[in-house]
Amino acid sequence: MSNGNLVEIRDLHVDFPNPQGFTPAVRGISFSMGREKLGIVGESGSGKSVTGRALMRLLPEAARVRAGALRFDGTDILAASERQMRGLRGGRIGLIMQDPKYSLNPVMTVGAQIAEAWRAHNKGSKREARDAALTLLEQVKIRDPGRVLDSYPHEVSGGMGQRVMIAMMLAPNPDLLIADEPTSALDASVQAEILKLIEDLVSARGMGLMLISHDLPLVGRFCDRVVVMYAGQVMEELPARDLHRAQHAYTRGLLDCMPSLSQKRDRLPVLTRDAAWLEKRA
Amino acid sequence: MSGTTQPAGTRRDWLLSDTPASRAQARWGRRYQLWLAFRRNPLAVAGLAVVLAMLVLAIAAPLLATHDPGAQSLANRLQPPSAEHWLGTDELGRDTWSRLLYGGRVTLGMVVAVVILVAPLGLVVGCVAGYAGGLLDKVLMRVTDVFLAFPRLILALAFVAAMRPGVESAVIAIALTAWPPYARLARAETLTIRNTDYIAAVQMTGASPWRIIWKHVAPMCLPSLTVRVTLDMSSIILTAAGLGFLGLGAQPPIPEWGTMIATARRFILEQWWVPVIPGLAIFTASLAFNLLGDGLRDVLDPKQR
Amino acid sequence: MSETPMIEAAGLDVHFGSNHVVRDIAFQVAPGETYGLVGESGSGKSTVLRTIAGLVTGWDGTLRVAGQQLGPRRDRAFFRRVQMVFQDPYGSLHPRQTVDRILAEPLEVHGIEGAEARIARALEEVALPRAARFRYPHQLSGGQRQRVAIARALIADPSVLLLDEPTSALDVSVQAEVLNLLADLRVARQLTCILVSHNLAVIGHLCGRLAVMQHGRIVEELTEAQLRAGEAQHPHTRDLIALSHELEG
């Protein structure tokens, strides 16, 4: 059943075990996405990262995952074999995480890591892999790719590290890029550059992008469509350009409570959490 | 625990409450959580049970012993296990079961004494060195290195040889060689703890370095030290037994597991049970302590708990 | 400024080994004022704050709090006057101590009487439920933890509060609550504050005056009105302002 949707999620539930039973993290969310830029926004604990990980089956084994449908390009993620999943993860789905410091191997050169990622999903000699790595570094707009290729992760800055991560994820030519808070650890100036880069690459290669973030305005700027999550459920789903016309009180509250440089306010409006938001939604 | 004031059956709820109403409740709640986590590891629980059982047996030795551990009966030497002598007799006709119980007192007593001497010393030296840094750190760590440089048994041998062989000397000798790893461990932990924001926040209360070390740094080092101590118990038992075996620990006729093996080793081929039985006791105790330590490590080590 | 400044820095330099991280910093903060230090990571803004707090060794220059010259070591009286709130509420509370114990510590150190009443009042002041008192930090949310950290800083009645990115680890809705709380407390307690942040909007919200830092130096000092009116001169300040507007959308 491939109706052009890259990702189809229907009634996804994820629970984590606790000493007393199970704590729900995702409580029945549904959405689908094609080759577009989808933003998933929510505060910590809203289940946004868990959703991304469920799609790659990267959750701890103790977690209980149930869904009406959890499909990537027609593949049933819940029923797929571990072998199939390995082909998806880092093959057809790339994952960029928050801090490159922790997601890069500290004792391997940047070039070796990218080459390894390339060779895992392409056939070719060491020589070819190295050339591919160099090309990828150029694509992520690293100025001196030859030098970066032979440096270790601790020798590059945070922004550069994130570019390297992106290059690694692009190596197998994926169909979907999941970026989980890709710029939260970076300075604002670098943040904008990295997101611009991701946006350009995704558009140029016709990939899907799932941008998971707590930063609503940021997601609004870089995505086509935004899914707003709260307490494991989807509150609202809307085109990014309509963000300032959001209907749901939660979305409005999130947008409103940020301090602003352009208008002065003595007090910031505080988000009052409506108990009704927690109720089970159809 | 004031759980008795609650309706029956809610003590568990009281312990697991998310909103404790007193310091005591919060503390017991945390301990209960740790216990629940520990209980999930059957091997560790088995280790704990064996350790406790051995301690009880050793403490209750006078009640459980069937014979006087020192009473010789040369007519009955080297008997196999029987109804009269449950684990047989040794080369002087002494009852092995009774000697094993009394020997447990000596062997386990030595282990406990070593730990009581060693753990606090290592903790203090390590925390002070790590927190103070600079010259004090260098001096303390070089002293530690000197002790660390000697092979454990050799230093203990030299020390016991210089003093009078006996249980006390053996304990001091083992303690002397056992503390440096604890100091190193405590120092390593302190070095990371010292740079955390919560210690910076305590420094900003104006608390003295001693207070910070005692009340804030040392408690954070304790879990890993506890784990290390439990894992080390077996090697302490083995060193104690080794000294006993070489005739430098407990002196005959005091029953001590290592000494028991040493004196019975000539009979290993014909009356094999005589040396094997104390050997099994050492083996069981070491294994139990190791399993317990492994379990404790799983429970205590994750820093977020 | 006619009155004696509450906090005064002049020719402040900080070295970490061979790294010169703060270069020739000078600024003054009047009593009751909130002063902002803004810059990107590595600009030295947090180091300035930690140096004032006495958490950094190896600095030269002049630092004065309430007219008193600060030496390399701070006495207990200094810590009654100056307190700090750290960036990461997950790292700044002792993981093995209950909220009650954390709040009692400053009172014990300074020998302040009436701990029971003070702790209850401190919790109330930062709007924490009474039930939070005997919890461990891991049982609290990020916002609640930061409230505990604020309560701890204020429990011995300081007059200077140093805020090191107090909201950057929090969700925006929680950030709003904490910023409102800080604004209220600052008035109620007549606090002099220094706020360090990478977020210009947060700085603009709380601070009357601010300094922009880059590579360990203050490149520009301006008032909130100048910031909002876009009267910044230095190119780095202009870049930061432009970015901030851009992300506001």
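Letters A, B and C name the chains as they come in the text, with residue numbers starting at 1 for each one.
We take it that contacts are C-beta pairs under 8 Å (C-beta built on N, C-alpha and C of every residue); 3 or more make two chains touch, one makes a residue touch a chain.
These figures come from a predicted structure and were not determined experimentally.
Of all chains in the assembly, those touching chain A and also chain C are B.
Interface comparison, B-C versus A-B: the pair with the greater number of contacting C-beta pairs is B-C. Centre-to-centre separation of chain A and chain C, using mean CA positions: 33 Å. The centroid of the Cα atoms in chain A and the matching centroid in chain B are 49 Å apart.
Counting partners per residue, chain A has no residue that reaches two or more other chains.
Residue ranges on chain B touching chain C, taken from their complex, read 18-23, 25-27, 30, 196-198, 200-207, 211, 215-216, 219-220, 303-305. Of all the residues in chain A, the ones that touch chain B in their complex are 19-20. In the complex of the two chains, the chain A residues touching chain C come out as 43-44, 158, 187-189, 192, 214-218, 220-221, 243-244, 253-254, 257-262, 264-271.
In the complex of the two chains, the chain C residues touching chain A come out as 40-41, 142, 171-177, 179-180, 183, 198-202, 204-205, 224, 227-228, 239-241, 243-249.
Within the complex formed with chain B, the chain C residues making contact are 50, 53-55, 74-76, 78-80, 82-84, 86-88, 91-96, 98, 100-101, 105-106, 109-110, 131-132, 134-136, 138-139, 149, 152, 156.
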